């Protein structure tokens, strides 16, 4: 295993040290492994917490800051954080208007956040609502009771809903908006290689030189199917088709993210986006905003995912609102 | 070779399509392979051009925009662009105050930019000055007549000098500043893996599981020496020591970049930065500003580099000035 | 294996022995658990349980007197140190077992069984797993059934625990041909077939450790 | 190999034949050139020359009449299509050779030699390479020396070109033990020793193609 780490056990603690040192506008609680804004938001505004396993950076810590999250709870690599972390963060960030928990739909994340919500409500009386993202079209929803995974839409949701919270909307409105964004986003991912979980010490799966995995999530898990390696144009089709087949994106402006899995260089991501843009245009999808880069990653996995969010003027306006985080930054 | 591409020959053209589609505030000349600002800067201001082989993204195209470059000339992967590209870009961006060429010190880059300067002066009378960056302490300067490579300081220089040009300084002042920044920056890089040049189809070198390359540049070339794989803290030492041994950084505020080589995920880069920050603090280096991420890459190489720039109040002020590019963005 | 003293009252010390044996087992078989989780999950199940059981053993270094207090500490420690799916599930298992055990300083066979059953109900309440979903439930449920019928048939605690361990191992193996309907393995659809569920494998270790501690 | 017609006047057609043979050679040996460049450079020398010579052959599809015009076109095409170190160097080589050749529609032995020598001077002017720096110069310089002394000794153009090709190959091989002092290979320091310089290898192909075209 070749990684810039000291030991598999220390990855998270050591990475948090670096985040702390690199970003004076963040405050890191090393004991609870929570990343906060150095300057909390104003009283009376809804606070947003997200969190999950580590290894998906910049998600979520890179999205803490004005216009986006108030705190990110960091679990071990690919392991959801524990309820006490979320409970602590919830009571710290609450400004009296309640807290929205943004949870990606994985059994572990959902159960841990559920327990945290129970604990927070019992202990401190903070009102907590939860949105569970589940945008991954690779997972056939109805058949699998664990439901679809939460992937790329989480990034877009944290940005848009963060802007709404900053405007002073109340918790019900923020929750409604979050559910709406999740409901209108779809994603699909693929991998050229597996990733290596530090504690496992070797790649999660072996992928021959001439094969790729279609329909992967963000935990280095094998995808829905293994298919022959193809060119970028064909891969783009295999990503875009199931998204467009799942929701009608015509007639509305869309926000599109071409996301890298962590080990794929930017030149390839731009190249892929060129192919995706061509396909979307052909299908009559009007792309209003674009994001190309590594935003929700799977350690060192090589691969990419596409997220399309069916937006409207309001969502575009919230998207364009100022954001000042390590991972997304504009309008400030 | 596993890459999100259509064919090795089409990598650059296809990637430029994606950049064009993703960034409405950039204009791409697909024939000359030059990336421009969609809105040129005001008349009477010095323009900045950079360029080099592709495969280092976001460098340089991702640094075109207000506060940084006016144009980036894109060569084939790891191959410097040709003089006609630079000549074309020079005449397009000139606003009457002359053009600064920012060139990384590689024989090919230097020769091609040199020919471009000769051609531009002869053809259009545009005044061209050139700064050649050479910050790589891995290369022992005196012995090797090719001199030190230009690496990480190029990013910092493009930002700082871009801000100065935006302020309206004249070409001589801009050139002086550029030389000063280059003279005060030092970098050192390492690789855990080689990268794969698309046209070559296989990794440039083989690196056993228990070895790493110290002192690599940004072209997938082998480093100065192959050493046993070590933990992040020890790697950080091997990167920081030769930098601090080459220039005295105490007594001034520094700007530090912890850069990823393209295939290393952000969690490892932050972890490395934590180690680097500790070492710099121990050595009495005062870190005023920090950048952690993939800024000057080597395709899919796994690895990292450290750049330290000895700054002062003026450089810090120019660093903090607004910048609005795909790769760096703040204050706007 | 052929131990001389046979445990018939499960004291706090015996419970600690069980936990200690389970900690050793997840250390010994951690790589195997992670390998199972690599095939149909995210390659962390071994690391999760090692982290959790190390934390548990540190937390129970000076154990409380009541079994319920001990088991509550175990549950809370798992909940706050493991994360993932297995943290809340195993955590809830011990928390519910703690409530069932209460102030008792030792548990006889039926009391131990009642505690284990309460724990399993907790897992079901949290995770909504059913038989055949390819989860830890598929090892735990047959194990407790075997435990129960062994006790009913007059077996010693040790023999009942051994029967339970055997049933858990069989349940673990039975997950191999199953199509996963819960947890991350379910994302794989048909591709989950042909692999043993990591949680079922760790549950089999838990029961095996119990049998060891009671022998 | 044992060709019947012996070329004594180098016309535009012969030059095009030379270029065409060089194009074929870089295609055939492109992977080898890139492999050499992988060891001590950046793994693009083959791709660079393939791209350049394909562009050259397209540019000279309907060749001009004067050798100087043809060679200028070749040089400009290389300069504007290759990039890297080899683009300006080979480009300058042909541009200087073009100037030396001027309006002549064919070149005799001494005129061809003068053109090649002007080209090499151009490479030196651009790249400042000296003998032993481990560059293309180390193949080209001995080749032109051999060409010159063969002509002086009364050899035919074909024989002189063959001697030059042989000397270029020897020069190429002689770069192997050298410590690189120019170009990217110099960054490697001692590690550059033990590898043939890619540019010296492509220059040997250039001379070999010339010998073929003149036989």
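Going by the order they are written in, the chains are A, B, C and D; count residues from 1 in each one.
The criterion applied here is as follows: a contact is a pair of C-beta atoms (placed from the backbone, for glycine too) under 8 Å apart; a residue touches a chain by one contact, two chains touch by 3 or more.
The chain lineup, named per UniProt: A, B = phosphoenolpyruvate--glycerone phosphotransferase; C, D = Dihydroxyacetone kinase subunit L.
What you see is a predicted model, and the numbers here were worked out from it, not measured in a lab.
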Taking each chain's C-alpha mean as its centre, the one farthest from chain B: C
Averaged-CA centre spacing for the pair chain C and chain B, given as whole angstrom: 54
Chain C and chain D, separation of their C-alpha mean positions in angstrom: 74
Where chain A and chain C are represented by their mean Cα positions, the distance between them in whole Å: 32
Sites on chain C at which at least two other chains make contact: none
Set of chain B residues in contact with two or more other chains: 77
Chains grouped in pairs wherever the two touch, ordered by label: A-B, A-C, B-D
Parts of chain A lying in touch with chain C, wherever the complex brings them together: 8, 53, 75-84, 106-108, 111-112, 114-115, 138-140, 143-146, 149, 197, 199-200, 204-205, 217, 219-222, 224-225
Touching residues on chain C, where the partner in the complex is chain A: 34, 38-44, 46-48, 51, 79-89, 126-128, 133, 181-184, 186-189, 191
Interfacial residue positions of chain B with respect to chain A in the complex: 1-7, 11, 14-23, 54-55, 57-58, 62, 77, 192-193, 209, 212, 229, 231-233, 235, 258, 262-275, 277-278, 287, 290, 292, 294, 297, 299-300, 302-304, 329-332
